[in-house]
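The data blocks that follow each hold one structure.
Same chain, two partners: subunit A is paired with subunit B first, then with subunit C.
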Partner chain A sequence: MSLPPDEQQPGLVLDARLHLLDRQILDVDGVPVCTVDDLEVHGIDGSDRPDGSQQAVVTSLLSGAVLATRILGGRPPASRWHRIRWTHVVDVGTTVKLGVHGSELDVTWTERWVRDHVISRIPGGSHDPG
Partner chain B sequence: MKKVLGLALGILTAIGGFLDIGDLVTNAVVGSRFGLSLAWVVVVGVVGICLFAQMSGRVAAVSGRATFEIIRERLGPRAAGANLSASFLINLLTLTAEVGGIALALQLASSVEPRLWIPVAALALWLVVWRTKFSIMENVTGLVGLTLVVFAVAVFVLGPDWGTLADQAFHPSVPANEGHAVYWYYAIALFGAAMTPYEVFFFSSGAVEEKWKVKDLTQSRANVLVGFPLGGILSVAIAACAAIVFLPKGIEVSSLSQIVLPVALAGGKLALAVVIVGIVAATFGAALETSLSSGYTLAQFMGWSWGKFRRPARAARFHLTMIICLLVAVGVLMTSVDPIKITEFSVVFSAIALPLTYLPILVVANDPEYMGTYVNGRATNAFALVYLVIIVVASVAAIPLMIVTGAGS
Partner chain C sequence: MILGDLLDSPVLGPDGARVGFVVDVRFALDGPLDGLLAAPRLHGLLVSPRTGTSFLGYERNGVNAPAVLARWFAWRHRGTFLVRWADVESVGRDAVTLRTGFRRVSAALPGSLAQRP
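== the complex of A and B ==
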């Protein structure tokens, strides 16, 4: 038998809408990665569409195509979700800080693509501004 | 000298807001048609932009967050997206006009067809954005742009009837041959130019580029309190020059060569050379401000890596955005469109962008999570609320007035 949940949760109480959605995500070096465009939430019983009757946990931060569905409504196909696992998050303040390098994450593929195909090919693109 | 250079960000921001090519022309048109009877609008605008630019600079220095990150976070993707679309279009229209403005100013100096100068101007802009350090960029354009002070000197040299000018400025009335709607259309155009949103985007992002911290708050305040009033004084000086030379003769200003005519009358060839240098610097500065702002707004909305302090390969999408904007600007200008006409349309987009920009700044400047003990005082909040009402009224009235007056014609 499990104990009933505490009335007053210990620790920092975060409102998912207020403190997570649309916040800037920074990587371990403080480099911007993306903005929290949406959240993936699972029920603690493992269901991927919790209906509010059970406790739920945030499992991933989402970014990319989900921005369009946040604005227009709907739900993108799961194959187009770019997830940042919640386990990578080390701090939530005015920004969400990760413990990994942004360049290792799938969500930054457009940055890498533009860098490799356009910006690095222009002379001076890989040097500090002088 | 270091203290003076420390004010370059405020001066460059203000030049881009008050003395870009569209405003140079608008100020001269207003002077030639209404004398100084709209000077009070510039005062109202200067106070407003000082208030909100100072807030955005303080938020950036204390929390390290630039303005569009805050807009996205507080308004959510829909309202922030609407603001982004409007602000981005204002940036792009202004950038296009400025590149054309550089070409027109260089044409005055060289008599070479502007369309030959346009690609040269755009390439020079891109090279500065691509390779130059932020501090060098703001110092050079800010200081050279100061040569526009020659407009203020010209007012004194022309030896006007000070009583008439003071009467126009302190007892404003609509001239008999102009309609009330036109008067208020220009009032909103001048107010919108003073409060144009890319100023706070650029100023707050510049504060992040310069790595301002809490200890730099005095510098931020000094930047705001020197830069914007200076921009305001120069824009009134341009109107005064036009009011002295053109208003009594009933000549309406329509081109850049007419704007510099009072200066040439006052100071001859030398003054003309100085003013042309000033106009090239001011339009170049405004073009840098708007091209960087287009990168800043999109990158901050999307959460991309941005900033001139990073090498371009580390802020790839930010730099690609600016390259595309410059290419679009050149493409539009090559159709021989009149660059000065382009900025008139940005009034329309200001209607959406102004309230959606300044409300989130005010909200976050009051949020202790971001600001700690540096939240707004009561007086600042009271002023800011009054200004939000003015901004909403101006933005609601902008489009109807533009349609009724045929954009002030």
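== the complex of A and C ==
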């Protein structure tokens, strides 16, 4: 049994699992930042739990420690997600490209912390190699 | 709403009977302008009547090779449909409920493979 086509077919569509989730996120210099672990969706009026009575849009890409929850089930609490606002996204293809530097994003704070508190204390670790 | 809460959820018809599971969520890049791109607008839910999983989107992108895999996935995901977001009555913690008179439309992706991300 074939179903009727979608008469309200929009132009460019993204299926979340097929085109967004688990894709690599690159910053404006092409440096890998993280992967898309989940998406945050809000109603057009800002509501946190929209239904079909109003439009809903993606507001942020989420990244976090999801390994354990993917194996054991559930999801990390909302406070553990790192959010990258959709405003920063400039292209979606085989990767998701941002228009900002990764160092400006909260999601890379662990890298900065390790750089400042561990790597920089190793002799020779406070300057570029070469 | 975190999208992960929606994925794999059971989908109930207006009478409370289960019609399937959310295997994916379709967005259209035609929402309000947010930065350089339009915000992805939630267009609809892809619902499979038999399984809560999907594999590489075989059932909606017209890929027919390798033939054995394509036929297996086409059979496994037979009956997969798209239900528009406007036909969603409520999104609960345990299930998504559809409105009375909701329509099932083809889940096929528009455009050719080369035009898709």
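The working rule: the second predicted complex is superposed on the first by the 95 of 130 C-alpha atoms of A that agree within 3 Å, B and C clash if a C-alpha of one lies under 4 Å from a C-alpha of the other, contacts with A are read in each partner's own complex, and residues count from 1 in each chain.
Quick note on the criterion: a residue touches a chain if its C-beta (ideal position, glycine included) is under 8 Å from a C-beta of that chain, and two chains touch if they have at least 3 such contacts.
This is a predicted model, so every value here is computed, not measured.
Once chain A of one complex is fitted onto chain A of the other, the partner contacts of A:94 extend to both subunit B and subunit C. Comparing subunit B with subunit C, more residues of subunit A are touched by C.
In the overlay built on the shared chain, the residue A:78 is in contact with subunit C alone; subunit B does not reach it.
Contact with subunit B, but none with subunit C, is seen for A:110 once the two complexes are overlaid on the shared chain.
In the superposition on chain A, A:63 makes contact with subunit B only, while subunit C stays out of contact range. Overlap of the subunit B and subunit C contact sets on subunit A: residues 93-94. If you check the complex, the residues on subunit C that touch subunit A are 1-7, 23-32, 34-37, 39-44, 46, 54, 56-57, 60-61, 79, 81-82, 84-91, 99, 103-110, 116-117.
Those residues of subunit A lying in contact with subunit C across their complex are 1-20, 38-42, 44, 48-53, 55-59, 62, 75, 78, 81, 85-94, 99. Residue ranges on subunit B touching subunit A, taken from their complex, read 63, 65, 69, 72-73, 76-78, 80-81, 130-134, 299, 301-306, 308-309, 311-314, 316-317, 319-320, 369-370.
Subunit A meets subunit B in the complex at residues 21-25, 31-37, 63, 67, 70-71, 93-95, 102, 110-112, 114-115, 118-120, 122, 124-130.
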